[in-house]
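Pasting a structure here, questions to come.
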Amino acid sequence: MKVGFIGLGRMGQAMSARVLASGHDLIVYNRTAGKASEIEKAGARVARSLADACEAREVVISMVADDAALKEITLSRGGLRDSLPDACIHLAMGTHSVGVIQAMAAAHNQSQQTLVAAPVLGRPDAAAAGQLGVVAAGPPDAVQRCEPLFQAIGRRTFQAGAKPEGAAAIKLSNGFVLGCAIEAMGEAFSLIRKYGVAPQVLYEVMTDGLFAAPAYKVYGKIIVDESYDKVGFTTMLGLKDVNLALAAAEQARVPMPSGGVYRDRLLGAIAHGDADKDWAVMAREQARASGLD
Amino acid sequence: MKVGFIGLGRMGQAMSARVLASGHDLIVYNRTAGKASEIEKAGARVARSLADACEAREVVISMVADDAALKEITLSRGGLRDSLPDACIHLAMGTHSVGVIQAMAAAHNQSQQTLVAAPVLGRPDAAAAGQLGVVAAGPPDAVQRCEPLFQAIGRRTFQAGAKPEGAAAIKLSNGFVLGCAIEAMGEAFSLIRKYGVAPQVLYEVMTDGLFAAPAYKVYGKIIVDESYDKVGFTTMLGLKDVNLALAAAEQARVPMPSGGVYRDRLLGAIAHGDADKDWAVMAREQARASGLD
Amino acid sequence: MKVGFIGLGRMGQAMSARVLASGHDLIVYNRTAGKASEIEKAGARVARSLADACEAREVVISMVADDAALKEITLSRGGLRDSLPDACIHLAMGTHSVGVIQAMAAAHNQSQQTLVAAPVLGRPDAAAAGQLGVVAAGPPDAVQRCEPLFQAIGRRTFQAGAKPEGAAAIKLSNGFVLGCAIEAMGEAFSLIRKYGVAPQVLYEVMTDGLFAAPAYKVYGKIIVDESYDKVGFTTMLGLKDVNLALAAAEQARVPMPSGGVYRDRLLGAIAHGDADKDWAVMAREQARASGLD
Amino acid sequence: MKVGFIGLGRMGQAMSARVLASGHDLIVYNRTAGKASEIEKAGARVARSLADACEAREVVISMVADDAALKEITLSRGGLRDSLPDACIHLAMGTHSVGVIQAMAAAHNQSQQTLVAAPVLGRPDAAAAGQLGVVAAGPPDAVQRCEPLFQAIGRRTFQAGAKPEGAAAIKLSNGFVLGCAIEAMGEAFSLIRKYGVAPQVLYEVMTDGLFAAPAYKVYGKIIVDESYDKVGFTTMLGLKDVNLALAAAEQARVPMPSGGVYRDRLLGAIAHGDADKDWAVMAREQARASGLD
């Protein structure tokens, strides 16, 4: 396929490399130029503008950092809405708010264009290995046309229905459940520490049984080791994502009290100087609130 | 070993059968007599009183329903404190409050007796198969003496330290983390339903990745199927357990806001008539609170 | 009237003095004897036992510290249930749980006796001045017979219906609303401090307008002055009362999330060493949680 | 003084009438023209544009509905930043976010202009009677220059310091404490209803004592009467304001869990169709959550 790819952060570089390696014709674009050198060596062309990156494409993938960037590349003069060829799909693979996905979908629709949302699950190493999960939603025929790209990038595609914002809701929900799990662990670890039990014991009980899954193994271990300085995902990003989840919930009129609890925990951690730690530092903030640290 | 076993509910029957099958000399006792017929046929003796069940025993296991029952069998006239032979261990395997375990340990200590707490993880079918997890805590030599019994009953023993209440704290914490996970799922499922996504999609995303563990597979499926009438663990029992966790937390001065959230959810479910459903019905109560049902 | 009075703590002394001064025939009883000397000088007789304090009485008032004490004086051998003359009313004026009031009412009913619950609003100085509020509930004719005593003790009587536990629910609710107000102030004061505004400004805005009432004037001032060492009501008593409110709510199946929030705040304060401060110290705990102290 | 006034909603009409009646030279502007007819008859001039309303003014007051409107009148071409004469003050009297007040202050500063924030406390009838509270913050000399206008409009001015956003924080905090009070009442009223006590009893107990203030008298009465259709302030506006408070708290890193609780209550009310009721309808949503309705 003829593919454009916008946004060459760590995830974007890994994902675009997979697209290229799968034999697609690829033009890439990044706001700052240096990021493209590696993929260029591998054989991709580098666009000088958003409009260039859209020229004669069948699908243009965006993988940008936040809602502001997505609005910018979509709505600015010369952006995707102005530049996409007829029948070309904008495939938005970043993590975005439900609201901005709805707004971008509406903007494209007004221009007889199509938005497919397909946020991904996994980190850069999974992306490089083509092992991401892909949550795809949008008009069924458009989603289907993107299938070769999902196969290039991911291990499995989850079909989240005909409305693009549905994929955003799934992605945010998965992260929300994770935030709740970290908060719950933080509370439980504080409790058993107060009774003089080694954190490792609770870790083993959990991960041996009901909670034998990456969420608890990975984050439980960070908590047991107090290795908050080895950062996979920062407290600030955790705050950004829970805000996206709570905004989606507000729009849909869903009270999500567990979200309020862990958002407050993140704020407390940031107030105590842990903004740039791994967000598992919620457990240390809980310990602090319990008079433990 | 010479073993007494008190409490022949569903778990007690399965566990005592494992003890007998492992070749130990077993006397059983249950407040109401009929429950002992099966284990009697299998070769156990049936005691007529608590005192009988203690006679010449090395370990007396209790597996009773709640704190009140544990206090009753331990402290009443002719109970374990009065009747345990010298050097005999009271091995308490039920789920009890931190406070009552501390109190029973102190009562036994005053009589130069020893309490080991060893609550179990798993349901009756796991008990029958000898596949329970055992969380053991108490004086190390006493815990060690109980080891053959843990091997008869369980798949794996977790050592939770020298204070019996530490085992109670671990057991309650594990259940607490589960309650939080169910609540988090409930909130997330309501959110994605509002965006028109089928619950099954979120279920697959979760259990394919970060949450590929029994807690999410079992309870997520109940939520997706809305099969709250097939009851594994009732809302009322969930309320009892979260109250035990919050009481342990109060005693240790640990604020556990996630516990407050799911306790409130359970109360709401009970207020709406779901006291006897499986406690995953929290998700339906959340849907109700979101205007979905 | 012929009145017995049980419990001569600070409130009990002030209240019994009002009863005596209103011309009633008074016998008092306290578990420890010394407390009765002042009221004895003023003309009351001092009973040697609970049974003595009940002899030939029309009403026996109890004003004891907690549920355990109320159960003790009511149910113990020789206690009120054993000793009240026919048609004599047990008028319970302490702050008690809904559950124990129900249980004591049932116990008295079985003995053809009557319980009226009439917890009071106000501190010892208000009691000494006959300025308490009285919240009375029980069988209407019994409540009416107690009216002269309410007039002796209080400024105003609130009729809370025919079920004694209704008065307990009102008393606990009033205290609950106060706890929520203190928590809300704590959060708001932390917020404006972070924006560099003097706490006094918020205090004046609140108490000049929407919140021109004792709850905000008294507790707002303690917070502004950080005078938590001048203790009116301790953090530990605040914890006891919110637990009573939450227990009443559990029994009635009412989720009260604001109670969970301020209970957690109290626990945090206690964890940080503020158990014996005035419970307005919740505001300092909030400041701590915000990285302010 | 030479005064411009922008925004003639209900509050703006009443406030501008006070300014005019105090003898100031007044030009008014409203985006839609019809709103100005009354004040014009009273002697004010009507501007055709924002620029007109700024011409030769000493102070330009804005009283607009939300942050978007404030940004529009300040930053748009020909807006206040472009049009204010040297040394003229922009006096922003609406309820705005801390963030937008900071941003507008910075924008004006870059143009050597001054922003004073002075949100008001009270409803249109209080405005018409000159009985508003005014919370003023900004550079001290600028605040002082506005004093004659505060006296024209308000009953009392609260000085909230040198940073304009401090006034916003105070205004939002006052509203926040009110939201918490309504939520607390809602929970308490549900509790006592479950015990069969008439709501009026709790209302009288509260407002006779600790809570003898408008917040409880006004909103308590609405709850007792269930008169949610007589709308003073809608659920949707309550949601907007708690979001402003929580955004201010996030920016300052202050966890405010009580805000999360009542925000969730508002969302629940909206989910059940009560978006346009008075926000005291939180109490009905609480009753619903308790199985009462």
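Observations, loosely collected:
The chains carry the letters A, B, C and D, assigned in the order they are written, with residues numbered from 1 in each.
Quick note on the criterion: contacts are C-beta pairs under 8 Å (C-beta built on N, C-alpha and C of every residue); 3 or more make two chains touch, one makes a residue touch a chain.
Computed from a prediction, not measured in an experiment: that's the story for all the values here.
By the document's definition of touch, common neighbours of chain A and chain B comprise C, D.
Set side by side, C-D and B-D show the greater C-beta contact count at C-D. The greatest centre-to-centre distance from chain B, using averaged C-alpha positions, is reached by D. Per-chain Cα centroids separate chain B from chain D by 53 Å. Computed centre separation for the pair chain B/chain C is 37 angstrom, with centres defined by C-alpha atoms.
One inter-chain figure worth recording: chain C and chain D are separated by 38 Å, centre to centre, where each centre is the mean of the chain's CA atoms.
In chain B, the residues that reach two or more other chains under the touch definition are 249, 253-257, 261, 264, 268, 271, 289-291.
Contact residues of chain A toward chain B in the complex are 98, 121-122, 133, 135, 137, 156, 158-161, 163, 165-166, 169-170, 172-174, 176-178, 180-181, 183-185, 187-188, 190-192, 194-198, 201-202, 204-206, 208-216, 245, 248-249, 252-259, 261-262, 264, 289-291.
Residues 257, 268, 271-273, 289-291 of chain C are the ones that touch chain A when the two sit in their complex. Within the complex formed with chain B, the residues of chain C that make contact are 239, 243, 249-250, 253-257, 260-261, 263-265, 267-268, 270-271.
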